[in-house]
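In this document, chain identifiers A, B, C and D correspond to the written order of the chains, with residue numbering beginning at 1 in each.
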Amino acid sequence: MQVNETFTPTIVAFCCNWCSYAGADLSGTNRLQYPANVKIIRIPCSCRLNPMFILRAFQRGADGVILCGCHPGDCHYTTGNYYARRRMTLLFSLLDFMGIERERTRVEWVSAAEGAKFAATMNDFTQTITRLGPNRRLEDLRCKVE
Amino acid sequence: MNLTRDPLIPMVAQVTDIRADTPDVKTFRVVGLDGKKPMEHIPGQCAMLSMPGVGEALFSITSSPTNEDYLEFSIKKCGCVTNWLHAIEPGQQLTLRGPYGNGFPVDTDFLGKDLLFIAGGIGLAPLRSVINYVRHYRERYGSVDIVYGARSKEDLVDYQEILTQWCREDGIHVHLTIDNPQPDWEGHVGFVPNYVKELAFDTGKTVVMCGPPIMIKFTLAGLEELGFRRDQVYTTFELKMKCALGKCGRCNIGDKYVCKDGPVFRLDQMTQLPDEY
Amino acid sequence: MQSRVIEKAASLLESGACTRVLGWKAGAFFYDVTPAVFTCAQEVREQMVFNPFCGANLSKYLIAESRKEGRIAVFLKPCDTFSFVQLQKEHRIARDKVWAVGVQCRGMCDIDSLKELGLKGVTAVEEAEDDLRVTTLYQEKTISRKEALSPRCHTCKSRKLLDCDELIGDQGQDLPSSRFAQVEALEAMTPEERFAFWRGELSKCIRCNACRNVCPACSCEKCVFDNPNSGVQNKAAASSFEENLFHIIRAFHVAGRCTDCGECTRVCPQHIPLHLLNRKFIKDMNEFYGPYQAGGDFDAKPPMLAFTLDDPEASIITNGRDGQ
Amino acid sequence: MKTWKLSTLDALFAAIAGKQTLYIPADVAGQPVFARWEPGLAMTRALNTGRSAKDLFFPQVEDLARFRVAGKTVSVSPAQALQEPFVIFGVRACDCRSFDILDSVFLAEPADTFYQARREQATVVTLACSQPEETCFCTSLGIDPQAPGGDVSCWMAEDTLYLQANTEKGEALLASLPRLEDGEKPDADSSVFDKLPLKDLDFSAFSGKALMDWFNSPVWERLSQSCLGCGSCTFVCPTCQCYDVRDFDTGHGVQRYRCWDSCMYSDFTMMAHGTNRPTQKERFRQRFMHKLVYHPNNHGGQIGCVGCGRCLQKCPISMNIVKVANALKEGKA
């Protein structure tokens, strides 16, 4: 596997409005460090995440995509994250089946109180993606800046 | 080897003025980047306007070729590109290519004829080019009648120009109508096809018609009732186009391409073509 | 079988039990049969066929046909009946407007299988018990029916005829099937090999949309890929990404609803094994959430419309690799 | 006429590819397709490619221009037309005829410069057929599969490849190749072509009758009823030339490209107010009317079909131009 010292990955984090988005805020107010190249997109619930969003993120230059939602049982809308869990499990399995690195996608449950977990998750995910190198298998060459 | 610019590649042009004609029609004044009129055209011809990333669409050139300074396009807000156009401000650049199509036979068949223009709603846009051309070369043509209808007084495109110029000229008879009565409207109320029948025009006139397909169908029936022949009636069509060069293959009515063989057709040509428009 | 199907069709029309019959119409060759609606018995007797090449799944036509006046009779093979049930579960077919005649099946043949055998210029095929007598421009040859089967029929999951109003042949039963073998073989590869495999296959795609349009599960009135406002409307496979996107989303949108009828692969003009994507979803759902057969019955809840509190997390995905 | 040993066909390809890009029909991922020749790539055993040879002149996707939009300003940079010469080997007579049909559309004023550049850069080497498929009916469109045309015609017989230059471009290609020997090809056996089941199709009727009679034929309803509305027939067809022009926002500019489009698609003629071909019947009719009536009307009677048989092989529901033409002539489906 190619290890590139100068490679800074672009990470897209889809965060549920009711938990991990607030968790990201909390990690900020607590001055916890997480990489600046994590781009957070707020969604109303983890089950709002259309699989197309994930693929589009890769197309537009993401090297890793992570979904953060409420812990099972804690969904603001009662059951949204249970559906999201099934969908993402299947989607990620298919991506893996098509040879797209399994580690490039991740689901993590982060509550509004878990600022530290949010920062740690992002640090860890960024490290993983840095190790993996740039996204080549789901890129769109047209979107590369020449 | 041929290295000329492909006809699909547009030039950049600039919108210098935007006039709100009706609640959903604006007229855009377009010049080239050099500030001059970007192309010469025949009344009835069209051009492709586009905003990269939004889309490209075909519009009638509304201004008369006798206008030497700019092109004008009267555009109704109804789809992707037109929504974008209605949101822009003067100074905006866009792309332009053309002119396309055959145009009206203003320098051949129309010469010396009494002309009857019939328009509905935004259908006035392509006719305005002809009307102003005819007004400019007034001596070349006979009498001019204009029947123009819209849903309401506010929907009459170019209402000011009609009132202040067209209505005041000798030999031009303007007949306006709106669909429903309105407190500040003293003119005729009713649909265009019926109004045309009421006016009982002399059957020697050459008819130039544009409007929604349903208006064209009923007006044509009315004209035939009055004794007009189909070969006296000209109209202009518009269908979905991508190339405007007769190659992308979608704007055909039977074996005729609207972009290349049209958009102006004499209605007797249409009797041998399918009703797919 | 053919004579029984034709007689049934003709008698349904003659008795007035149905106003139309959905079946197959003969073409220039034995194998080029077209799905067609017949309205009179004479037409049925003259033009209708039912032969081993009538592979097309007719269920999807019922969405439109069952909305019309009068009742339509339809001939369904076992795997077609799964789609028939699934579409009813999705409230896409008006059941009372349909008279379903189940036709038992021994597996359907495919002209491409004949070509695989090296038979060129096939002009006629004659069915004789378990053999096919094939006449080509160059030779005459007898092959076994099994050799001519469509690849999907080699791994048939079930010969059960579901929800039919009457049967031609027996009811049939589920079969032991090795249909996941190919998926497992791919899972056993390295990610690099899998990527190379799919890139090779999907790069052949010409975005003709045949896989989508034939799919009984793809029954949206307007597909997301046809929506100019979706941002993904792409008529051509403009980049490798677009190819991947289309096929991932196509398979994902039918996950839990795909009955594994295999039409997508049958119709692909580029011979891309598209069913493997759908089948991977089926296999995963079976493993993660318990066995489920789309269209297998009217009661079971589709896995993508359900959940349990202790569903596995995405970390369950191993695809053949031992505990990552 | 020149000859080359078939056992060393690879060396012929290498000699051509040494000077310019060479495309041959080869199996790629199990599908016969015109592929760029590289050492080791062998010709397919299939009679014809799944996708037609039009790909090389009118590719499925092609960039037209790039735009930059900044504030209220727009700038355009047109894409470059192809400037490298190339050779396409192994084109069958049907596909070779399809170039004439495409020419009549793309080279008509104003010419499509992207297409024109490719046509000018290409040397077409055709290959005569000896073993047709049952779906072949080029002979009923006046094409001789054993005299395929192009810049160079080739025949394979026994262990020898015979080459005959037909144009200056063809002469130049042959002159650039080493070790070509002189020879005369033996007379080919054409008896198999007489056995073709579709050889007697007659397309002459379509130019003899008024357009509206065909258009209003009662058969369209029935023929189109099982059409899935996919684009297989149009995309594998060597003469289908409809295209769409679309913009793709790359995030750092806008790429305008053209791609194949299909008249079978519901959005082909969709405008803001709706479409003038609302059901599959109208779209289906448009495709076949175009091939059989509109195109011949506009291009001196030239039928828009070359009898390659691809739509017969690829249509998911086996509806094709042969069935349509027969049904139209009989007046019943």
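We adopt the following convention: a residue touches a chain if its C-beta (ideal position, glycine included) is under 8 Å from a C-beta of that chain, and two chains touch if they have at least 3 such contacts.
Small disclaimer: the values here were computed from a predicted structure and weren't measured.
On the document's contact criterion, could you list the chains that touch chain A and likewise touch chain B?
D
Quick one: report the Å distance separating chain B from chain C, using the average Cα coordinate of each chain.
Chain B and chain C have C-alpha centres separated by 51 Å.
On a C-alpha centroid basis, what's the spacing between chain B and chain D, in Å?
39
Please tell me the distance, in whole Å, between the geometric centres of chain A and chain C computed from their C-alpha atoms.
It comes to 36 Å between the two C-alpha centres.
Just give me the whole-number Å value for how far the CA centre of chain C lies from that of chain D.
30
Pull out every residue in chain B that's touching 2 or more other chains.
Residues 80 of chain B touch two or more partner chains.
Of all the residues in chain D, which ones touch at least 2 other chains?
Residue numbers touching two or more other chains: 244, 248, 261, 270.
On chain A, where are the residues touching two or more other chains?
142 - these are the residues of chain A that touch more than one other chain.
Quick one: label the inter-chain contact graph as line, ring, star, complete or other.
Basically it's none of the tidy shapes, so other.
Determine which chains touch and list them pairwise.
A-C, A-D, B-D, C-D
In the complex, go through chain B and note every residue touching chain D.
Listed in rising order, the residues of chain B that touch chain D are 1-12, 51-56, 78-80, 82, 89, 91-95, 239-240, 242-243, 245-252, 254-255, 272-274, 276-277.
Under the stated contact criterion, what part of chain C meets chain D in this complex?
27-29, 31-37, 56, 61, 111, 120-123, 136-138, 200-201, 203-204, 206-210, 212-214, 226, 228, 233-238, 263, 266-267, 269-271
Mind pulling up the chain A residues that touch chain D in the complex?
Residues of chain A touching chain D: 60-61, 142-143, 145.
Okay, in this complex, where on chain D does chain A touch?
Checking each residue of chain D against chain A gives 248, 250-252, 255.
Can you list the residues on chain A that touch chain C in the complex?
Interface residues on chain A, with respect to chain C: 51-52, 55-56, 58-59, 72-73, 79, 82-83, 85-102, 105-107, 137-142.
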